[in-house]
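Both of the next two complexes hold chain A, though its partner changes from chain B to chain C.
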Partner chain A sequence: MMITTTRETRKGKSKLAISIATLITCLLLLSSFTQTTSATISTEDDDYITFTETQSFNEEMIIKPLPKGKSMMHFQFSTEWNSNFFDQSTFQHYDLFPRSIGDLINRVGIEEMTLVFTKGRWSYSEWGYPIRASPVGVELTAWLRPLEKGIDSQWRELTHSLSGLFCASMQFLYQVPHHTSSPSRSFRPEGTSNIYHTMERDTVPAIELRNQSSVIPLELRYGILPRESVCTENLTPWVKLLPCREQSGIGQLLNPLKLYDVHYHSMSITVRKICKSSNNDCLIPTLEIIQSLTVVNDVSNSIDNIDKNKVKVALENLFEKSTGLYSCPLATSSKIYVQNQENLNTQLTVTPTPTTKNTRFSIYDLKQYSIQNPLFLTLSWLKNFARSGPTPIVAHSHLTGYGQERGGIATQIVNQDQHPMNITYYHAIPWYLRLYFHTLRFSIQDKEYSDKDFIFKYISPAETRSSPSTIELSFEIPGNSVASISIDFDKVFLHYTEHPPDANRGFDLGSGVITAYIDPNNIVPGSSLSQDTFDIEWSENTYPHQKHQVTPVRIYTEGLLITLPTPDFSMLYNVITLTGTVFALFFGSMINILIRRFKNTFTGDDFVSDRPIAKIYRRIMKFIDGK
Partner chain B sequence: MNSTQKKQTSSSTTTTATATNKCDSTFKTFIFISLSALLLRFVLFYQGFHFHFSNRNEITTPLTNFKRLTEGLHLWDLGLSPYSGSAYHQSPLVLLLFYPFHSNNLSTSLTGLPPQVVFLVVDILIAYLLREITKLIPQVLPKEMKPLEPNSNLPNITAALYLFNPFSIFTCIGMSTIVINNAAIILSLYYSLKGNLFQSVFFVALSSYFSIYPIILLFPVSFILKRHYFPEQTLNTATRQQLSPQQQSHLEKQLQHSQTTMSILFYSRIVLFYLLSFSSLIYLSYTLLGSWEFLSKTYGFTLFVEDLTPNIGLFWYYFIEVFDHFRNFFLFIFQYHVFIYCIPLAIRLKNHPLFYFWALCAIIATFKSYPALGDTALHVSLLPLLNEPLKGVRYSFIVIVVAIYVTVLAPILWQMWIYQGTGNANFYYTINLVFTLAQVLLIVDSLSVLLKLDYVNKINHLEENQEKKKIE
Partner chain C sequence: MAGKRVSIVLSFVLLFIIGIPVWWKTTTTYRSNVDFTSIKQYYGLDKEDSTSNTTTDTNKWPLFKPFFKQVGSIDHDKEVKTSTEYCLSFTLLNADPSDLIPKWDFPYLSSRYLSPFLEEISDIANFTIQSKILHYASLMKPPLVDSKTNSKYIPATLLSEYINPNEWKLDSTFNNQPTLNFIIYIPAKYQTPLYIRSEKNSNSFLIPQWGGIIIHNNNDNVNSNKDDNDKDNSNNKNNNEIVDLTSDIEDDMITFKYQLKELLGISNKKQQPQQTKKQQQKKQQQQQQLTLSQSDVELSKIEIDDAIKRYTAENLNNTLTTLSSLYSLIEGLPNMLVLDNIRDQINMAIESLDKAHQCLENSDYRCALTHSKRGLVSSESAFFDKNMLSQLYFPDEHKYAVYTPLFVPVCFPIIAGIIQEIKHYKMKRLERLQKEKEEKERQKERELSSSPSTESTKDKDD
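What follows is the complex of A and B.
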């Protein structure tokens, strides 16, 4: 099935295409009558694209014991949709795939989108790398295909729809433009379908539209709302997108009371197009929506603990669901993975015995459990086990200086690995911090870097009351070294309405994004990196590829809080009146002096004005007096 | 005017030898004054005071800050627009002026000199010009100042008062680019007193190119220039006696008629020169940067008060606090307010162009959108030229005391608001109010004194004439 042959045959077979489309819709109608979850259509013609209309749902959960009595639970629900997305009528029939998202994809032209809600901060140095890193607050990354209405109105529609959908204030990403930027290197599309981009990081990702035989570059919009607080009102609409909701399957564990009583909570939704076929030339993209939720609990004080040095956790107690676990009936697969971390002395024991076990995971297949025979999973591990070596790349950012007039931002990126690594640093800083780019200093181990030492350097200064300042630096950091970046800023004096309601709390500053490209050949088997980073590939269903590619690891720096100088919010009328008085005083005195006529009091004569009005007045007085 | 000039030449010829000696000695004194001022500034720069002073809001404003200028130069160096980033808001030619002195961490500047040199040179230039202006005024504007004694110390005092005025020292050490604007204003005054029409109009255009407000100085400058082009022509008594009264009046009418048409031509020539030089400066900037962006980023920024950083004026707190829907109205009123005085003052002060010049400078310094001490330093340094009419000022004590009070208290209250957190914005705002009131008092007081003096002179003149007639 070659692309060229497809193009050649297209003209002749346009009628055939129409007939296929009608056939698809007919069969879709049929399938909805027969209540099957999937419909398979294939054309016999070998020259033409074969469409397989399927929708499937997978649920997975990974449990990873962390040091100091903490545990990480990662829930992942993925819904896949295989269909002919070149046909608009595809987006009129939904089965497992959530309609609200499907509509949005079609209307806004989303090629790929990630929305993450996070509360708390992931501790990279203690816990390693998360499965999906995220900054504090809300982060929205969208790769948009330019439509006729223009990229800005697409972004507007997307943010407004999402804020309606998830009960969050994403509309501020459009309304207050200093939250939104478009980094050029830090983000790459995750999907692998018809998005064409090389691993060369300076090319713009594009998609090839085969029916028009044209390549369209995609537009990236990236926004962070660091102040957004995440709570149950965001979780409820998120859970609603799941086919089984919280009624059965792994979704049962989604108890809001327990999910927010944690150290770290990150809830995300990713929409992307991937390629499921083994064929490299991916003509049939699969639309995939991944909903994931990561929580880090402190389980050291859980009620199941008996031994002081050991942690014992029963899942049903942790999430207060006494019914036990069984598969969602709509799920194609439903699995729980417990990470063994065999290189560490965790003394992990799991009961009951897992369905399968490999070197990395103990796997429970929930399809083998049922409502009558549910799974009651209990884990136990050593409370204070040691991690194997430090996390390779860690980053921190700080504010420097004091007072409310000026300050600076300093970021340290630490490479604790032996090998040099390629790093891209990106930070979008709102306009109310006026950055001085001539004070930008970058050094690695006290060696000052100049522009030519960077692989890539891009700065874009902010525009007042619109775009943020952005810094994007790519460089190679040698093994066992520290890179430090610092820049000075002035704090801008804002109009009183531009301050947030609690002005003296200050402004939240979004996190910096560090993307480290780790070469898999450099990873020592059994090191902490091999355990952490490549956790990404724990699920064969969602991550079947990228085995031998350079994997980007993302690290977010701390969100910072900045206090700006505040005016006196109760002085509005006083300032207006006092300033007005000074102006009036000057104006009045000037008028007084300028129109004053001096009178010679030494002559002894009475002063007789020669102004017209005085003359008229004198005439009138004379007339009255009868003179 | 002719008579006074004659007088002066005659007096100078009688004492040629002593005068040249005196002249040399006064010039030596000037050299001494400027060297000691340079030494003082050099020591302050050497001690690193410019790091503190260039960050002070009273000394530098968003329009004159040297750090912002460095940022503009840096962005220009990188190939970006210097105006991107809302840090740099000065005119493009300032960029060009400082480009040879710009150095970054990799390379030294083109000239190899630090940018402080520019500020030192400009300060000495202003002092020298003030000295020359003091010498020129009695010749050109006899009503403003009595002829100087040949050994008068006034020119040197004027220069010294500028060089050792704390406000101008702060401005120089704070590396505020307002000094360039001040130099352009002083140059325009100097050339107008010299009678060079083109140069004086060009420097008015240059100063209004740096900051919009000095455009109103075109009025006093053209009044001064008019003294050169239209010296007061009255008929000699000798010719008057030969003519009959009808002939006399006819001749005077003729003269007056020709004078009005000539003066219209004269003023239109000034306006034409102004427009020509201003537009050529704008076009030069356009060719330098290749875009018209600078118009909105400099003039728009000045007029619409986009930056609300505190300074010694009244705009910042007002526009932080004003209600959004009144903002445009008050912006218009406040900006318009600066310009409204030039015509009434022109009518009232047409015989006192120097005082008119000073009054407009003072009004600009008080009511411009981003004022700094440098603006005050300019009009304060012009005050020695007006020492005679202003001898009767009533509130000089209050003004001086308030100036000292403000200079001392402003940094303390700023510290309390921004660093200690024990005060708030109102503290600093109060100081601004007081400072503005002091300047208002100075302007109003001097103006009333001048007008009274003018009236007294007129009465005396009339009485003299009457007495003369009686004698005849």
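What follows is the complex of A and C.
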């Protein structure tokens, strides 16, 4: 059920006649609003706009057994808000939508934003594709609408505000922009309220301002912090943004001690705008926040008592939540999906019986359960089951070379499927590795590619001590083949102050992004692209897309660690004292030669110096000998 | 050769004499000149003797002190510190959404009840209003039960043990404005109705310098509580009722206006009962639910004028205090950076103090208020400028540690050379005097006898 309140915004002084007339028109308009939830503008009076405000909150969870005794759990919380966003005062009153994010959207001019915190590595070849892929560390992608203060200032405000909100160090994305860049083709806004605008080289997403009938292209800023470690300090403010927090609903399972003791942990918040009406023309899009959290647990220790080959997982034991699950009262829908994977032989059994069951999922509707009658979910499946086929596209990268002077990066993209696919590869390499672009080699199955074979190729060199060098390539990879990319670099000897603490650990390079466009026509049930590897659209609420539309799958390569030549940090003091000593000796000798007076001391006897040091020495010797 | 030695040693000495001031100048922190004379005169700090604190001959602003005395002291236990901007944050706190999901149309409530009030005091400060609905806010301890009336109560003296607003995780704002929080708390169904008990039951209280809280006992909850005592747990489902509480909350808005007046210190001083000054004492509003009506919180002209005078006095006082602290800070830390923009801000603050003084001479209080606000903003931005907080980046110990190994060994030969030269010069002078004496004696001898003179001894050294 939808939560509606009616708002009227009125400008100017109101006289009685006008007030009655507008009241009547308001009632007439309201009656037409009960069918649709979109907003209209009345043409009678320029200052009179009526909107219905709607807010809703949905929570979902998906559980998927993985081979070798692991399980994937994905929590997803989405809050939607539709109101009169033309009016600035809308951003002062909040209900389900969190105020900190709404404030941020208003001040910084965010069209779409994704922030992901990841710990651990997702194994694409073993587990297929995650619902939301992410590189290790922190990743921030933002589509910004240009405001008067300038994109730079907006990016600065965004990174600083987010770092304060989530207790992370995102401000370094602005202050030390070694990993901040703007890829042109690898990312597209997920929301559906944008249009595309053709510019000189490229088609970029843009938004259209109807009242001025102008098109403003959006700017993308993409930054990563590979060195950032993720901990419960980042989880706490994230949970605070949920309407029910951890008190009820699926949020009860968010136990910080259990969430970080896992193989893979990824926590993300996405802000985007979607159109809720069936036709594509929505005057004001709905603001949506999607908060999702993915964990991969190792459950091979909890063996089923009955069948030793199976693992048995009880949710309340896994997350140490002794009371059962029930829905959040503020949620419109609250569901748990367990993926059946029927084409594989997983022998999955779930207790109690699910509310509904279809070919893909067994669904539990938490609205049927209450605090007096909660849900205690137990699953059990075969510990070692085989997947139906290899993951279609996997990618790996590694460092080549040796020594402290030079090296290289090599990436392999493997297409294990028989269909050809369009691939875009993007990598931002920090400035302290000086790439030699003439050594960029690209080959597919050992056949070298030249520039004309690429669909798109864009290389930009680094700016010293600021932006990284970027490589972006688009090509088509044929079935069952390997694409190899390699490039050489020289390592830069950094300034003494530019080394991080614990400099001998090295520097983290960011992951490369591979975006693959998989044609849904190629997905044949039973083939390697069937549901066990490719399950992005499991929730119709979240990703309502038209069928037969090519969906992008994103793969991130490993984060690499490289050691740059490290100076000896104690040399600073050594240099000062050594220079001081050498110079003092030199100077002393020189000045002695210049101003020394030579005295004729030839008296026939032994020379007796009358320097004070000599006198003291004689006195000491007399003292010693005299005894 | 003697001349060359002297010139060599002298050249090194000259190098030091020229070099040290150049080095000193290039390693000092940048400090721009700030003119603090008027502040010093006001506080009498430029006079060496502290006994003369009532002299007004050199004081530039004689009217300030009597004006401050006229306005009187300000009760800072309750009233919030003056500022040019305030953020009023209204929160609807619900203890348990499974009982009840409240909604409100806050823009309507604020435009009907708050906007006219804030319009009238808009000269004093800018007010931003924001609202939020939060859930799962609980009391720290369960309240006590009054079995006669089947209600729960909290004793007024122990309010801080039951209610801790810091636990309620209210959203923080991105700006630096002082925030006044006004909360409507809807207790859970099993804790309804909830009152605060001193002599009578009341529903609301004020937290000094923070805001106010009103406990709103929803009538549906009260009624259903009475009925439900028999049939417990009969239904499995949670009844998630969505209730629009706008009309019920209209009375509470009047209470909020009263609390806001108290917090800003606008209420009529004659009506104030004397309050004991205890820390964190929660004051009850005894007459809330029953007799408070719209007219009780209308602002009279006297109140507005009093408020303007009070704010002007407080702003001017704060400006002066900030500027004098700034003065002692700058004087006390000779290594601290003082940039040009800080000097400009301080000059602007002093200028607005001058203008405010002129307005006071003309008894134009609104004009004085405007200038006092400007002065407050400038002085605070100068004081809290982020460059002012920079650490001493060039402490003296570092300087000594870096330069000592280089210069001290170099100095030794030079000083030894100087000493040698001086000794040599003295020796030579002594010899010259002796020579002259001998010359004179010889001349005398020559005059006495006419024998040829013996040769004079030559100097062996040059």
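Here is the rule we use: the second predicted complex is superposed on the first by the 505 of 627 C-alpha atoms of A that agree within 3 Å, B and C clash if a C-alpha of one lies under 4 Å from a C-alpha of the other, contacts with A are read in each partner's own complex, and residues count from 1 in each chain.
The rule is short, and it goes like this: contacts are C-beta pairs under 8 Å (C-beta built on N, C-alpha and C of every residue); 3 or more make two chains touch, one makes a residue touch a chain.
Quantities reported herein were computed from a predicted structural model and do not represent experimental measurements.
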First (chain B), second (chain C), both or neither touched by A:R434: first
Which of chain B and chain C A:L594 touches, first, second, both or neither: both
First, second, both or neither for A:Q404, with chain B first and chain C second: first
First (chain B), second (chain C), both or neither touched by A:V204: neither
Which superposed partner A:F583 touches (first chain B, second chain C, both, neither): both
Partner chain(s) touched by A:I616 [first = chain B, second = chain C, both, neither]: neither
Partner chain(s) touched by A:V215 [first = chain B, second = chain C, both, neither]: neither
Contact residues of chain A, present in both the chain B and the chain C interface: 576, 579, 583, 585, 587, 594, 600
Chain A partner contacts - residues on chain B that touch it in the complex: 55, 67, 70-71, 73-75, 78, 80, 84-87, 104-106, 306-310, 314, 316-324, 334, 337, 341, 344-345, 348, 366-367, 417-419, 424-426, 429, 433, 436-437, 440, 443-444, 447-448, 451-452, 455, 459
Of all residues in chain A, those that touch chain C in their complex: 3, 5, 7, 89, 92-96, 98-100, 103-104, 107, 161, 240, 243-245, 247-248, 326-330, 370-373, 576-577, 579-581, 583-585, 587-588, 591-592, 594-595, 597, 599-600
For the chain C and chain A complex, residues of the former touching the latter: 5, 8-9, 12, 97-98, 101, 103, 105-108, 128-133, 135-136, 169, 171-174, 233, 236-238, 240, 242, 244, 402, 405-406, 409-410, 412-414, 417, 420-421, 424, 460-461
Residues of chain A defined as touching chain B within the complex: 402-406, 431, 434-438, 448, 450, 459-464, 469, 490, 492-497, 565-568, 571-572, 575-576, 578-579, 582-583, 585-587, 589-590, 593-594, 596, 598, 600, 602
